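A, B, C and D label the chains in the order they appear, each numbered from 1.
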Amino acid sequence: MSTASVSLPNWITYGLIPVLNLIVAFLISGVVVWLIGESPLGALSLLIEGALGSGEGIGFTLYYATSFIFTGLSVAVAIHAGLFNIGSEGQAYLGGLGCALVALALDRFVPWYVTMPVAVVGAGLFGAAWASIPAFLQAKRGSHIVITTIMFNYIGAALMVYLLVHVLIVPGKMAPETRTFLDGGQLPKLGWVMNLFGAKLGAAPFNVSFIIALVAAYFVWLLVWRTKLGFEMRTLGASPTAASYAGIPYARTVMIAMLLSGALAGMMALNPVMGSSARLQVEFVGGAGFVGIAVSLMGRNHPVGIIFSAILFGILYQGGDWISFEMPNITREMILVIQGLVILFAGALEYMFRPALVHVYQQFKVK
Amino acid sequence: MDYYDILINVLSSTIRLSIPLIFTALAGLFSERAGVFDIGLEGKMLGAAFAAACVAYITDSAWLGLVAGILCSVSLSLVHGFASITNRGNQIISGVAINFFIAGITIVLGQAWFGQGGRTPQLSPASRFSPITLPGADAIREVAIIGPLYSNVISGNNILTYLAFLAVPLSWWILYRTRFGLRLRAVGENPGAVDTAGISVSWLRYRAVMCAGVLCGFSGTYLAIAQSAAFIKDMSAGKGYIALAALVFAKWKPVPVMFACLLFGFLDALANFMQGKQVPLIGAVPVQIFQALPYILTCILLAGFIGVATPPKAGGVPYTKER
Amino acid sequence: MTDTPAIELVGIDKKFGAVHANKDINLTVAKGTIHGIIGENGAGKSTLMSIIYGFYHADAGEIRVNGTPVTIRDSQAAIATGIGMVHQHFMLVDNFTVLENVMLGAEGGALLAKGVASARAELKRLEKEYGLEVNPDALIEQLPVGLQQRVEILKAMYRGAEILILDEPTGVLTPAEADHLFRILKVLRDQGKTVILITHKLREIMAITDTVSVMRRGEMVATRKTAETTVEELAELMVGRRVLLRVQKGEATPGDVLLSVRNLTVKDNRGVTMVDNVSFDVRAGEIVGIAGVAGNGQSELLEAIAGIRKPHSGEIFLDGQPIDKADAARLRELGLAHIPEDRHHMGLVLKFEEYENSVLGYHRKPAYSRGPLLDLDAIRKDAMEKIEKYDIRPPNPRLKTANFSGGNQQKIVVSREIERDPAVLIIGQPTRGVDIGAIEFIHRRIIEMRDAGKAILLVSVELDEIRALSDRILVMFAGHVVGEKTPDAGEQTLGLMMAGIAA
Amino acid sequence: ADVKPALVYGTGGKFDKSFNEAAYNGAEKFKAETGIAYRDFEPTGDTQGEQAIRNFASRGFNPVVAVSFAWTSAIEKVAAEFPDTKFIIVDSVVDKPNVRSVVYKEEEGSFLVGVLAGMASKSGKVGFVGGMDIPLIRKFECGYEQGARSVKADIEVFQNMTGTTGAAWNDPVRGGELAKNQIDQGADVIYAAAGATGLGVLQTAADNKKFSIGVDSNQNHLHPGSVLTSMVKRVDLAVYNAYTDTKNDKFTGGVQALGVKEDGVGAAIDDNNKPLITPEMQAAVDKAKADIIAGTIKVHDYTTDNSCPK
């Protein structure tokens, strides 16, 4: 008997299954740690200590989480419209350009709270612009968006390197990066939030863009589940034929979904560029766009789930740094290993446990 | 240097740079023609490179390195198969996962074992595939036109290079002249037809992804122990994606795949060669243009401006008969 | 004829998740006979046959072939035991040639070269013996459906099938092609082969089968000698009670022309002309039925009128206004409602909750929105009202639509489109897969709409349904409207027109 | 004084046989001599450096040595946060009282290996493969070119940079390919100033039976018979001095520029490459060294005007 069409209660689908998937991913990571000759439990406790053991650790965790919320939302918005946007990485990279140009132009003249909204728009616009070409190719010419967005990540990287090396670099400096923004181009840290809980933020670059991310998450929720546009996007994502029957314009909906997705990815740049390093650097995205895929999958494409799984990945990133510092044998790339496993089990193998759970559940229900 | 020498140099560079692309794109060909999308090519190549370098280093044998590379890559194919064939998971997600996992694990293990920043130690000549001088290469080197072509471009490559060019007609022959190939192409178009013909869709697709694994094993091995003399972190550096682009560019056909890979390899060689040189009227061309060109060309192709690229119909869709 | 039956099924049981597709089925098919199987949509016929063919695995039960119990692990095993099957949905590789399709799975060696020659020879032989003519080097995608089906039959014959299962083969055939098929089937029977034929068409059953079995809701309810039964009895067995296909309705009082189609030509995705220069009018207060064998352009015609498919040429007028752009949303605003043929793919989003589907296509109406937002309270209240009015069960607007049964799903679509009070209603296959109670209900609603002065265009492959509801009948064949008749035109006449034989 | 030494490498790993390994050797030497253990950290990406430096500082490590210009801004920030901790940055200048900036006159060392290259080349063509295209690496190239030209006025120097981002330090495949291109164009001595990328250059030169020149650490042993010499840059000294100075309360901030005179840079000649160095070459390099120390040869520093005299 096939079990795929048997429906399970929400607490299993949205609670138990993701947790099981996560546990398996961690168990296998533990095996890797053990193979290297370190203690998996030791690594786990270091992970938690590093990520949550101090105000500074939490600050870093939330700093990373901020980026992941944006990219996770970016991936999710596209997925709801049935589009798999693998290009968040490149869109965020270009978003950094938009955000940096705004900061460079305004930081001398206005305070941060004036720069910030303009930078949000700038980052969003550039991100959206970078998404618009694959979006157009999908909407009008039917080019597979997965492939085109991958291509655009590489094209974007080449473009950004060119700009940073030849145009934006500070003459005489070695590193391909822009000048440091003045205060008017830097986002303030959220030290006071930490102080509320009696902790110290220290040097952690946890900043105002976290709040922007939360607001963005709220708007994504509103968009997807409460607006007409969101309804149309979900219809298209769930059934393209039903969407055409319902008179939902394919090209327009694809374009809007991808532009929003690109804009969200672009806004991610605010966090590292204006919130942390105060300059645009080469490769500043550092894979956060890809992490967004994992975050969105883990969070079942729902903003609340995305916030939780972004924080989880924040813990992973910060705690992973801590592990690699304390256990020199384990490099930080352990994070990539765990990340890959989480994507594998929460994404590609998400239903591996389902048949077994269905059987258990049905036995249980009969009794 | 006259122009012919330049051409010869760029061509021999093109060959060296195209080989990993050819193996990898052929790998993608087998997988995707069977209806399994594979963006994990990058990861498989990288994993194979790592395994090949480690084993070649330990055993001092290039051939054992090749075997290890293939085994590693095939096991990753099996993971991809388990996720996307057996568990009907999303093939793209599975590929992304494999890419991440390998990007991380190779560095983690490499650093833990060798402590060289994720690199493996330099390999001795015995543990590498070294260039082979074809008969007569030295004798006719001085002959005009064909001399340099034969002795610098055709001769003087390692065995994997020749295998790559052999793999192209072989792949064609397998796909179009054997039972396995017929079934493989069918399962990528309509798995139902294969299933009702009494052939196991899963097993067929597993065999296809294993073929892909073997070919990626070759490409990874080439990177680590033929082209270079060690594994270096991220040494695939996006070649898996370029190969994917070449596959699309070649419309999922073996011989065009070779030409697409040669084209993309040529662009790369040209980028190296043109670096810092002045082009009349334009000035110095930024290398980034050459780096981006394969991707741009592929997008233009996908947009349908250079013919239409229709992927295998059942590609990316897990085969379900019972909902 | 020998005494051991060709096939015996004992206690076959099969569930798809919550759907119990086959319940404890017993069936005996005698060797050298043509055995018909009938049953409503979703009765479980295809499932049962696919189990015999090794495509699905039964949860319980036994299969015996020629008296010996067999385990049919996969289709390969079925083929080896001499079973061949022509599926309801063809299992062909579109971009392969006929020859490649026939060889697939029976290549005769690891290399193709040798098999190709013998396959060619064998095809020649089959062509001669049964008149199964088809060019072995033609690409499947370039063949008309009739020929594609022939390839399916050739596939089975090529593998030496002794028992041939055909799942609704005539749905895509013209009567003439169907006749040709039946002649072949009779030759096969006379050679001692066994044929199992699934069809909805009782006439075909009476014409060709030796024995007939009836399925209803996953159960095998009866088996009769064809000679000893009647169409009426079979119909009753099929639906479980006496069938009353006559709908009570008064005279139509046609008013103004509300929907007008002029010289419409529509092509399908492959660029094949499916609707060829069609013109007709539908007036307020009348039901115009379009009869025809499936695949003669009805689907494309409906899609073009509904604004889903862009016409190639020609004009459509709604209430006198020209519709120049395919835009389903705008057409809805202008008062056109559309009950699509395929509720699973078009009419509903199965993943959505019921209330979301109850406004699909109308979600932009001011009644359901506040600014850019949806007014969920209004939508749910509205959905609940429809659930009560149409007796949709279970009465829960928050239930996932996939969890409603087929009939209730159809009611969700029907209620949504009818309650919008449109001026023009176009309907495709309104009662496909719907139980008899729901059929009557839906039919009554359609008549009420007519009496309320709406213009209704109805497409159905069920000739009985067309005749019961329509005030005028247009017959489509190969993309053309070949004629117009009144509902009291004889079944015979309409049938001939549907076959493109008479006008 | 109390010393709790820490060391943050550049990306590329501790045992890169080059730059980072030199730093490691310096720390090891200190450990061997004093028995004082040190902690080190190998960032594998650009984002981790700052956090590692801060982690060390906040745990009371002192001094903290960061090798690589990539940590410039990190040191700027962290040094301000921990004014009582001593920091050492290599290859870059940070103007803070508690920071010592150690920079090298790479042009001088490169000049010396350029002299050897010029003399060893039979084709009259030599090559240079750089890592990331930054002024610092141009500085190597420019010194090398001047040295080669000083012994062969009409020598042709090919130069290639591996890339424009940090990845260029870790791309031996491209490094090898660029070297092969230069060899195909006739170069018979190739100088690699490219971190781990250089390993590919050296490998390719060895495979093609040409000469190569290593960088930072003494790389002569990598391919004996093929590595002509190495432009050693005594990063080990920077590390070692930082630790001993702190231990002896002699730490000073400010800039230290180490050239040939200070033995900060030079051309390595040892048993591995002895057979390759003729007495004339030895004499020429000794003379050049003496002239530089004496000031009679002034090697142009590319970074002063971002250009190289032809």
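Note that a residue touches a chain if its C-beta (ideal position, glycine included) is under 8 Å from a C-beta of that chain, and two chains touch if they have at least 3 such contacts.
Just so you know, these numbers come straight off a predicted model, no measurement behind them.
**Student:** Which chains are shared contacts of chain C and chain D?
**Tutor:** Neighbours common to chain C and chain D are A, B.
**Student:** Compare the CA centroid of chain A with every other chain's and tell me the farthest one.
**Tutor:** Farthest chain from chain A, going by C-alpha centroids: C.
**Student:** Skim through the chains and flag the pair connected by the most C-beta pairs in contact.
**Tutor:** Top of the contact-pair ranking: A-B.
**Student:** Averaging only over C-alpha atoms, locate the centres of chain B and chain C and give their separation in whole Å.
**Tutor:** 46
**Student:** Where the centres are mean C-alpha positions, what is the separation of chain A from chain B, in Å?
**Tutor:** The separation of the two C-alpha centroids amounts to 30 Å.
**Student:** With chain centres taken as the means of their Cα atoms, state the distance from chain A to chain D in Å.
**Tutor:** About 38 Å separates the centre of chain A from that of chain D.
**Student:** Indicate the whole-number Å distance between the mean C-alpha point of chain B and the mean C-alpha point of chain D.
**Tutor:** Distance between chain centres: 35 Å.
**Student:** Would you please write down the residue numbers of chain B that are in contact with two or more other chains?
**Tutor:** Expected reply: 107, 111, 118, 233, 288, 322-323.
**Student:** Could you tell me which residues belong to chain C and also touch two or more other chains?
**Tutor:** Where chain C meets two or more other chains at a single residue, that happens at 16-17.
**Student:** Among the residues of chain D, pick out those that touch two or more other chains and give their numbers.
**Tutor:** Residues 42, 44, 164.
**Student:** Going by the touch rule stated at the top, which chains touch which?
**Tutor:** Pairs of chains that touch one another: A-B, A-C, A-D, B-C, B-D.
**Student:** Which residues of chain B touch chain D once you look at their complex with the stated criterion?
**Tutor:** Touch residues, chain B against chain D: 1, 5, 8-9, 12-13, 16-17, 107, 111, 114-119, 122, 130-131, 152, 223, 227-230, 232-235, 237, 269, 272-273, 275-276, 287-288.
**Student:** Going by the contact rule set out above, which residues of chain C touch chain A in the complex?
**Tutor:** Checking each residue of chain C against chain A gives 14-19, 59, 306-308, 327-332, 338, 340, 342, 345-352, 356, 360-361, 363-364, 369, 372-374, 376, 400, 402-403.
**Student:** Flag every residue of chain B that touches chain A in the complex, lowest number first.
**Tutor:** 37, 39, 79, 82-84, 87-94, 96-105, 107-109, 111-112, 118, 233, 238, 241, 244-245, 248, 286, 288-289, 291-292, 295-296, 298-299, 302-304, 311, 320, 322-323
**Student:** Applying the document's contact rule, which stretches of chain B touch chain C when the two form their complex?
**Tutor:** 177-183, 185-186, 189-190, 192-200, 313, 321-323
**Student:** Please output the residues of chain A touching chain B within their complex, sorted ascending.
**Tutor:** Chain A reaches chain B through residues 2, 4-5, 32, 35-37, 84, 86, 133-134, 137, 141-144, 146-148, 150-152, 154-155, 158-159, 161-162, 166, 290, 293-294, 297, 329-331, 333-341, 343-344, 347-352.
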